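Consider the two complexes below, in which chain A is the common component and chain B and chain C are the respective partners.
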Partner chain A sequence: MKLLLRLAAKSAWNRRFTLGLMLLAIALSTTMLLGIERVRHEVRAGFSQSVSGTDLVVGARTSPIQLMLYAIFRIGGATNNMGWDSAQALARNPAVAWTIPISLGDSHRGFPVLATNGDYFTHFRYGGGQALRLAQGQPFAGVFDAVLGADVADKLHYKLGDVIILAHGMGGMGLTQHADKPFKVVGILARTGTPVDRTVHIGLDGMQAIHLDWEGGAPLPGVHIPAEFVKKFNLTPTSITAVLVGLKSRARVFALQRDIADGDGFKEPLMAVLPGVALDQLWDVVGIGENALLVVSGMVVVVGLAGLVAAILASLGERRRELAILRSVGARPLDVLLLLSIEGLGVMLAGVVTGLLLLSALVWALGPLLAQQFGIALQPAWPAAGELQLLLWTVLAGLFASLLPGLRAYRLSLSDGLTPKI
Partner chain B sequence: MTLTSAPLIAPAIAVRDLSFTWPGQPHAALEMDHLQVASGEHVFVSGKSGSGKSTLLAAIGGIIVPQAGRVEVLGQALHALPAAGRDRFRVDHIGFIFQQFNLLPYLSIIDNVLLPCQFSAYRKARALQQGATLPELAQHLLRTLDLAPSLWARPVTQLSIGQQQRVAAARALIGRPEIIVADEPTSALDSDRQQAFLDLLQHECAQGGAALVFVSHDLRLAERFDRLLALESINRAARHEEAA
Partner chain C sequence: MKNLYWIGGIVAAGLLVGTGVRLMAHHAEAQAAPAPTTPAPQASLPPGAPLAGAVPGVSARADAGSTVPGVAAASSGQYQVGDHLQQSAAVTDKPYQASGKMVNGYQEIAWESLIPKDWDPMAPFKGLKLDQLTDDDPRADAALWKAKKYWKDAPVDASMEGKPVRLPGFVVSLDREGEALKEFLLVPYFGACIHVPPPPANQIIHVRSTKAIKNVRTMDAVWISGVIKVERSDSSMGASSYSMKAVSVEPYQAPDNG
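Then we have the complex of A and B:
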């Protein structure tokens, strides 16, 4: 066996150019397959890390997934708001331990602005139940105070005391600016690896204040209320986007969800969503796309393996002489089979390992960029269970693929004997 | 006068009532009643292509097992051995030289020569009995076969055909197998080099006491051998072929 390994290695080295290309093809397809699996895994992990300890998300009636997307992940916009009185009714409910009202809709240089109150810093949990922590400064106290997520501060190079101007609405260019009412950065949150990092936090009163002289999404013509006068107005919001609810006892979650759905004690139709359930529904939707991607990258791996098998089979024609020589010096047909299979398997394994290294290098090089641009936190790590499973399938497929040239060589060496019929 | 019983030496090769048909072929490739090569004998086997010589060599090498009859090599009936046993027996006792492209392009010259010793512990042990390390022995053989040390470091693909054939001869001879089978080893050489190659080969076979089965269609070389066997005359299947 050692002899066969040595012969296979020397023979492969002799054809290193062709086999090197095959190795590269397999490495790239492995990188693609595992990369997709890792991104998929990290996105899921990231999503489910985004909220913790929140029993219900309550908002105006829409689809549960949509409510989750905008209330927790700041993706898309709210189509409907809920009244402030409903939020207060909810807070008074005896089953409820705490509520976090949130109001969305504005943005700052592409980052979403979330208006809330001090309860956000007290009660919001993410990951495995961690509370938010301020890296610098303090929570907002004044009307025009802002607390930045870690990414916002990093990317826009903000520090405490900087002045920022919010834009009306979400999206990039061409938004109307709330230039008359600038905000001051009073706090910067520690990194969480969740959408919080990409959020600008202000008080609900601040949100109300910048929209005092607005009506229906546009400034009222001829009306201008300077920033220094806003305190003369009632800054209690009339409506908000959603409320995150924590219960005294989780056992009450379905009862409260039903009460809310039935409209008991509320003036408007509302819905309550269990974050975990909504996430599962989200995965059901996203899963179709993910699986399609996995299938495609699986096929790329198959194409890579097919190329390898084709290359080895093609070389067999020229190597019949070689096989006859080996037979003449005592190689069994089984040795010939092993020799060819070892070659295929070796190239395949080397390709898979190269692919893994390539993936690690890519993650190392591009991880920070991905985290910044898309909020996907990729860390160089050992392959997770899902990746190992894919690797196992790849290696198994490679094993069977490698047997093909081996079996062909076996049959050739039996029929050729010592004199190949070339 | 004392009676000394002659040592009972089995013939190198003994073929009896042999018949072999390749799978899927309508006619037998080989049908012969009797063929014997004595130990140490140098036999010239003449035959055109299609005369069944490849089949005969495969049968002697134990690559194929005849459907009828028996092939004995050094007294061992090959059909009595399992397939892996025949493969082992082949490398232990027979050295092969082919027409051309005899060498593995990815091994060094020395490694090509030592290949039988890698597959056969018996050949290795016999080689080491000659009292040197394996590489030294390979180098000695190469020198004897007129291959200068300056060539040894070259890739085998850079050798001339004549040089390659001599490396192949060294591979066949290493570890002193009892039988050397050469299948048209000189047909790619010009006539001067044919003679030189045969000189070396026959000399080395005689040194090691090996029987030499030399297959060629070039009858000019036959006079140097103990015996000439025309395959067409002993292989009935070949005559059928011609008649057909």
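Then we have the complex of A and C:
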């Protein structure tokens, strides 16, 4: 057996170029398979980490998934706002323990701006009930104070006391700026690994103040209310995007959801969503796409395997002499079969390991970019149980695939290799 | 010539594998598909019970004797809105009755056991003779409206406190840790959160699991075992509720007949 291993290794080394290419193909397909699996996993974990302890998300009627996406994950935009009086009615409901009003729509250099009040810092929870923590400074107190998420501060190199200018609407550069009413950074939140990191937080009154002279829908020429005069106006918001609601007893959640759906005590039609249920619905929708991706990456692995089999089968032609000589010096047909299977298995194993290394390198190199662009926090990590299972199946499939050329070699007769063909 | 054999062999193997997979999938589907689902249509209920579904107690009584919805479909996950889970095999015509047997020290109970014995869901209709009212009678509507509030604030049974129980229900996700579920509400019938009026407070159990539960999503059917706790809430809210620290959460399987 030891001799066989050595023979297989030496023979493989002799054909290192072809086999190296095969190894690369298998490594790449493994990387793709595992990469998709890992991104899928991370995205799910990241989403469920983002909200905890919130019983209902209340907003204007839209799709539950969409409400969750923009209120919690800052993806997409609000189609409708809800009235401030509804938010207050909700806060007065005897079943409600706390509410966090949030107002979205503006941005700062591509980072979303969230207007809220002090309750956000007291009641908001993420990832298994952890509270938000300020790394530096304090929550906003003045109208033009801002608290930054960890990513915003890191990427844009902001520190306490810096002055930032918000832009109207969401998107990249070139938006209309609220340049006349700059905000001062008074606090920076500790890292959470959730969309909070990518958010600029201001007070609801600040949101109202920067839009005071926008009442015509755009900054009208000649209309300008300087920052120092905004306090003369009523800065109570008229409408907000959504309210996060915490209940005194979680079992009451259906009753309140029903009340809100029926419109009991509200002037406008509203919708209440259970975050956990909405997330499950989201996965039902996304799951189809995820499975399609997995099937495609599975096919890529199959193509890689087919390539491996083809390469070994093709090499049989080159190796007719080699195998025949082995047979003539006493190798049994079984030994030849083993020789070829060992080669296939070896290439497969090496390919899978290379794929793993490649994935780790990619994650290490591109992880920060992914986190910044898409908010997917990938870390180089040992393969999880599910991934190991995938790898095991891949290697097993490789072993079976390499039996095919092995069987062919097994059946080739000794004389076949030694008779010169014309 | 030999190569042709090889190619033929590979194609044949591919076809064989494909057929096998299809057969297996088909077989699984056939097994999963409910053979005789005869849904208990609302129309077949007696006219005096338009309230079935609002309070499980009522619906249980109204449905008893008719065909059993959800039993045939139990293993497939193909539940209809309002379906309950069958608890014991012995009494197939009354699916909501628990066998009461002990499993690892937890006694199997029915959802109805969570309703206090002396509480009458039909109390708001007392003194109202439905058969003597004319159609569109405002008194009937008023009574129904009163009943809705009455059912919503249904009391819990204080004697359930501290009882180790086991019962099946549908999951409504609350909090997850990573991909694992840590906290959820258990409700007695399918679709409880979206399509029909919410179950009363005494038909919801707020479950916190000691272990993280994987691969469970909203409206999956599970068996839970744990000790019931009665949560007293402040008096202004009226209703108290049940909670439970579940020691085991396992996928629901219909009790085998026999």
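Here is the rule we go by: the second predicted complex is superposed on the first by the 407 of 422 C-alpha atoms of A that agree within 3 Å, B and C clash if a C-alpha of one lies under 4 Å from a C-alpha of the other, contacts with A are read in each partner's own complex, and residues count from 1 in each chain.
Note that a residue touches a chain if its C-beta (ideal position, glycine included) is under 8 Å from a C-beta of that chain, and two chains touch if they have at least 3 such contacts.
Computed from a prediction, not measured in an experiment: that's the story for all the values here.
Undergrad: Is A:13 in contact with chain B, with chain C, with both, or with neither (first, second, both, neither)?
TA: Only chain B; A:13 stays clear of chain C.
Undergrad: Between chain B (first) and chain C (second), which, if any, makes contact with A:45: first, second, both or neither?
TA: A:45: touches chain C, not chain B.
Undergrad: If we overlay the two complexes on their shared chain A, which of chain B and chain C does A:229 touch? Say first, second, both or neither.
TA: Neither partner.
Undergrad: Is A:400 in contact with chain B, with chain C, with both, or with neither (first, second, both, neither)?
TA: Touch status of A:400: no partner.
Undergrad: Is A:327 touching the first partner chain B, the second partner chain C, both, or neither of them?
TA: After superposing on A, A:327 lies in contact with chain B but is clear of chain C.
Undergrad: Using the touch criterion from the header, give the chain among chain B and chain C with more contacted residues in chain A.
TA: When the residues of chain A touched by each partner are counted, C comes out ahead.
Undergrad: Any idea which chain C residues touch chain A in the complex?
TA: Interface residues on chain C, with respect to chain A: 6, 152, 172-179, 182-185, 192-193, 197-199, 201, 204-206, 217-218, 231, 233-234, 236-237, 239, 241-243.
Undergrad: Which residues of chain B touch chain A in the complex?
TA: Those residues of chain B that touch chain A are 23, 54, 57-58, 61, 63-64, 83-84, 87-88, 90-92, 96, 98, 101-107, 115-116, 118-120, 171, 183.
Undergrad: Which residues of chain A touch chain B once you look at their complex with the stated criterion?
TA: Contacts found on chain A: 3, 7, 10-11, 13-14, 321-322, 324-334, 415, 417-419.
Undergrad: Report the residues of chain A in contact with chain C in the complex, numbered from low to high.
TA: Residues in contact with chain C: 41, 44-45, 48-49, 52-53, 55, 94-95, 127-129, 248-255, 257-258, 274, 276-277, 279-281, 283-284, 408.
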